[in-house]
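In what comes next, chain A is part of two complexes: it sits with chain B in the first one and with chain C in the second one.
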Partner chain A sequence: MIYKFQDLWKRSNITFKVGFIILFIHILIAITGPFWAPYHYAAINVGEPLTGMSWKYPFGVDALGRDIFSRVIHGSWMVISLSILGTSIGLLVGAFTGLFSAYAGGWIDETIQRINEGFISIPFLILGLLIILAAGPDLSGEPLLMSLAVAIVYAPRISRIARSAALEVITKDFVIAARLRGESAISIIRREILPNTYGTLLVEFSVRAGFAPILIGSFGYLGFGIRPPFPEWGSIINDNRMLVYMSPITVIGPAVALSSLVVSLNLFTEGLARLLRTAKREL
Partner chain B sequence: MVYLPLILKRIFSALITLLIVSALIYGFLEMLPGDVATRMLGRTATPETLANLREQLGLNEPALKRYFLWLFNIFQGDFGTALTSKRPITEILAPKIFNTLILSGCAFILYLPLSFITALLQAYYKNKNIDISLSIITLIILSLPDFIIGTIMIIVFVVVFPIFPAISLVGEYSDFSEWFMALVMPSITLALVMSVYAVRMLRDNLIEVLDSEYIFMAKLKGLSKSTVLIKHALPNAIIPTLNITALNLGFLIGGVVIVEKIFTFPGFGNLLIDSIKFRDLPLVEATILIAASFYIFANLLTDILSIIFNPKLRKQ
Partner chain C sequence: MTNTFYKKNQSELLLEMKDIQIDGFADNRWHKIIKGMNLKLNKGEVLGLIGESGAGKSTMGKAAMGYTQPGCKLVGGSISFDGIDLINISDQEKRNIWSTKIAYVAQSAAASFNPAHKLIFQTIEAAKKSKINNEKFLIKDAIQLYKNLQLPDSETIGYRYPHQVSGGQLQRIMTAMAISPRPELIIFDEPTTALDVTTQVEVLAAIRDIVDEFNTAAIYITHDLAVVAQMADRIKVLQYGEEVEEAETRNMLSNPKEKYTKSLWSVRSLTKPEEKSLDTILSLENVNASYGKSKVLFNVSVKIPKGKTVAIVGESGSGKTTLAKVITGLLPQTDGNINYNGKTLPSRLEKRNKEQLRKIQMIFQMPDTAINPRQTVEEIIGRPIEFYHGLKKDERKSRVIELLKMIELDENYLYRFPLELSGGQKQRVCIARALAANPELIICDEVTSALDQIVQEEILKLLQKLQKELGVTYIFITHDIATVKAISDEIVVMYKGKVVEQGMKSEILNPPFPEYTNLLLSSVPEMDPNWLTDLLNKRNNLKYKKEINQ
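For the complex of A and B:
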């Protein structure tokens, strides 16, 4: 594995490297942050409320006297893990329905595609809000609900991509041979079709994972995110919206955290996709 | 009109999608565990108030019957009454949709030249410094959530250089200059968010087209680089861009919700947020259904346009 990584690193491009390094820093902060962040995220009156940038409070202090830098650090692991969890569930469901739809064909395919189309026709942010609303007041604000919303937004879109990737494979000789051998549908999908769509699904996963923090942040910004006082970045920006006139850093801090994460994921993906393309050419 | 059956088929499938969307929206909000009444009243509900509300809303009827009644009423242009303000939903929605259409129209007018000029510049100076720096800028904007772009706009144009008002409140009483001042920042934000996708797509398409043989031919004829680009390459890159524009409308509608919240613009997006906050389900259903039908209609329109413009599709 380590050898393979070194090999990958050597052949990779600058986009991949820069993305990987920023992403690595983010993951490092997410894992270790809670241990070295100066204050607890919900600790109030740790500093003079509504003060701007200083050495002690790099991102300023909010209206309740909470240290925004500590809040941003503490929010990191939740944003990253919820994004990855949501995207993974979306990928699993999407890949399964997509591959199954392509394999089954006929009216099953038609029905699944129609339902996917219906989901996709609701703009994604609005679909996410619809799911959060439908979950009801008891569940709203639950972190896992954010992942679920991301998963439901993604699954139909990934399903569509997975289906078209599978359709390219399905007419190949080895799939027909497997069918003639009398293998079961599940086994053909798992052993013949799925391995040939890994590349597409991998790129799809990282593209979607890069957008998931934006989606979760948007829920938070609109006031439908993880329930306070948990410091999800979108909700920190929303909380400090009115402070922007006094000390813009209170908003810029969490904004930089969120956007650098997304930039790194996007760079990483673009690098990865280019790497896969060259790998394919070499084969 | 060889392509008429193709268009009719497309219209039919759009109608089916619309039907599925309406079922999805209604199903999500009305058929999940815990009915509308418990969700509206929340934790303060008592059995009596619940029973009263259920009676009032007609929730004792079976769900499927209520769905078809809802659908039937919509066909007659009646979206029902909002729970919070007790006013007809069409009356509440109409002015908000009007405002949002003006906002999206302005954003769209900015979006077209912004994406075309940027992509043309990038294709013209392919792999030169201008292309590379524009690529990096688009990738960064692409990675910025709309609420952060909007906030940056506020920091720059309200806090640092106080040019525009922070709050874009407009209404029937507003005159042209008030509308103008209110629209500048939200529409620039929306146009930026939309155009980064189109720019990346259009740049790649243009470069791909520039590699083809008829472009080579045009170059051999001695035409200038810009003539080749604008007269020969651009028309062929338009159809894919048309498709990405239709997809972008999804971003536009989602973006409108966020941008209207940032700039407090009195439109459809803020209405949606408020109706979700107050759990005004009939209003939420109507708003989301309209958003989805707008998206479906736009996609239908672009599909029809690409059928008409694409000679290859026409012959089949």
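For the complex of A and C:
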């Protein structure tokens, strides 16, 4: 499973390549952006409001005279890191409950699965908003709360996938051999089952991570996002919602940033999954 | 066919394959699977293709239809079937030939039927599509075929779904399906490998009769020499995609020329003198067990002598594996006792302590699934050492190397993953993992059935050697009588969850036999080409006598 990167690149498909390149640019901007962005994200009156697209202000200027381009660049690292953090927590919790549920079986399995189904039956966004609301006015607006909401939305879904992947492994003789040896449940899950679900979990992670920016953006757009003036992309779109007829670029700019991130993550994921499939077939 | 009473017309050439070369795709490049092979088949003739797995038998068999499976391609050679060039015709023409003139019987009948349709409609599908006759006629014909194949309830069995009949019956129905359009060539790809010996005899006899009756040519692919001896007029031995030798069946059996063929023939000669032991290491007393509500073991009492090998034989469904599960504690018995060295073993796995668990180890049937593909050989073998004996790092490593030497591998294998091992090597690693615990009793559950014959012999030899060195006791679960003869001291015969008899090898394998033991033993194919004919005659006589007596 461990390939050199060059080898991977040579074997990879066009989907993977395109996804990887766009994603790479996004990550590069997220890391270096704050150092070379033309203006501070909260600096007002840097340009004439509503002047539209220009070389100086590629994404235009908002009603307060803030440079949208700088705001988008400053917000980038937050969107990406919150998405990854949220998905990671969701993956950890989901994988653990899923694998444990599959291994334990019986009423434990039933209980965990019914709880999962309870969560899954609530639509993504509504569940996320409920979590933010439940956190109360003091905590809402905290960046970490966004990650937590993403994690709670994802964990039950990942849990189900992890469980089904584990059920396939559990019937194998090497798991029975470990049970006969007298190994504890935790040890069997960690040593025997988990490594055999890495492939599934990896794909699951990247699919979920690809959708996380939309979820976080939606929180921002609906006014439940990170506290202003921090330029979270969803809230930039919301701020400029009313300007869309006068200066459409102020909405299109951040929207393109968001969608290109999501598309690149999805292409990357799809390509990766295909790559893993072929790798598996050849093994 | 070897037992025909009349001379068939076998002079007309039906199939001619010249210089066939087939490549297969793996590890990012093309490999040669078949390296230029010739094959000739006359009308009404049966050709046996034998060799170990990976020898290219199946690929060659499929190529006889002008077909290569996905991931393979035909790169050279010519195939001429009844004067038609099978390589250069259109797919449509090929399909027409496949549905009427060439039929293929796959190894696993269970996986080859559509579970949503009744059997009889699947049987006649090809013949109906090619408009050989109307449906009514074909159904009648299919029922007649079922009768010829000695299927029970031949009138109605076709109206069942695939899951409602047994594996052996499915295999016979698949043969009927192949015969239904009256093809000129049938390719049998290991049609009896997945069956019990007792069922195998019936299927073999049925196939042979029907091939005789319709003067069909056949290619019979198998790795079982005794089977091919019954079925084929000529035998072709393959190795690594090349022909080793080809000869008429009797000549081949009595006088193989090449070294490789001789080694294949000699495998079944492994034997071991039986030894008696007075100490009992494990005894089961009136053990009953069930899966949910269905009872699978009935009052089983068995004694396992210390340091010896006890073979548990019986066909599938006889409760052999369940017995192993009860002994290991995976399936707690409903009542009865298991005594280990005079002390009662807790029935549940969770209730047993580390020491009790350590003493009983198990080796599984499928080496592919018995070891974790994500762990290196060192981790696989090292884990029990660490777990039971607390050895860490270097100590652990040197013990692993020691064990690797015992199983005749070396330290180069330490960091290999299971994917980089052959089937036989994987099974060796499984043996080493069991030994790592320093067990007193090892349960071997069909440990050789997934391996090629030559590898089987090596594994059996290894197990014998280890027993001599370490004095471990084996419980050897198997349905293969040849293995039993080779390795056991005592034998337990099981049938439908009950013990039919237990005794020393010489007692069990020599008459007088209880009825079931007799059936089981007599069903094991022998290398003699007359074996099947003789056996069937004997059984028919017996049936006849019984009917007269009644």
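In this text, the second predicted complex is superposed on the first by the 280 of 283 C-alpha atoms of A that agree within 3 Å, B and C clash if a C-alpha of one lies under 4 Å from a C-alpha of the other, contacts with A are read in each partner's own complex, and residues count from 1 in each chain.
Just so it is clear, a contact is a pair of C-beta atoms (placed from the backbone, for glycine too) under 8 Å apart; a residue touches a chain by one contact, two chains touch by 3 or more.
Owing to the predicted nature of the structure, the values given are computational and were not obtained by experimental measurement.
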item: Overlay on chain A: chain C relative to chain B, clash or fit; value: fit
item: Chain B versus chain C as contact partner of A:21, first or second or both or neither; value: neither
item: Partner chain in contact with A:108 - chain B first, chain C second, else both or neither; value: neither
item: Contacts of A:185 with chain B and chain C, given as first, second, both or neither; value: neither
item: Touching partner for A:221 - first (chain B), second (chain C), both, neither; value: first
item: Touching partner for A:92 - first (chain B), second (chain C), both, neither; value: neither
item: Apex chain A: angle to the C-alpha centres of chain B and chain C, given in degrees as a multiple of 10; value: 90
item: Greater residue coverage of chain A in the superposed arrangement, chain B or chain C; value: B
item: Which superposed partner A:31 touches (first chain B, second chain C, both, neither); value: neither
item: Shortest CA-CA distance between chain B and chain C [superposed frame, angstrom]; value: 7
item: Partner chain A, residues of chain C touching it in the complex; value: 26-28, 328-330, 349, 352, 354, 357, 361-362, 364-366, 369-375, 383-384, 387-388, 419, 433, 437
item: Complex contact set, residues of chain A against chain B; value: 114-115, 117-119, 121-126, 129-138, 210, 214, 217-218, 221-224, 234, 237, 241, 244-245, 248, 251-252, 255, 258-259, 262-263, 265-267, 270
item: Touching residues (chain side chain B, partner chain A) in the complex; value: 16-18, 20-21, 23-25, 28-29, 32, 34, 38-39, 42-43, 139-140, 142-148, 151-152, 154-155, 158-159, 166, 250-251, 253-255, 257-258, 261, 272-273, 276-277, 279, 284, 288, 291-292, 295-296, 299
item: In the complex with chain C, residue positions of chain A that touch it; value: 11, 172-174, 176-177, 179-183, 191-192, 195-196, 198, 282-283
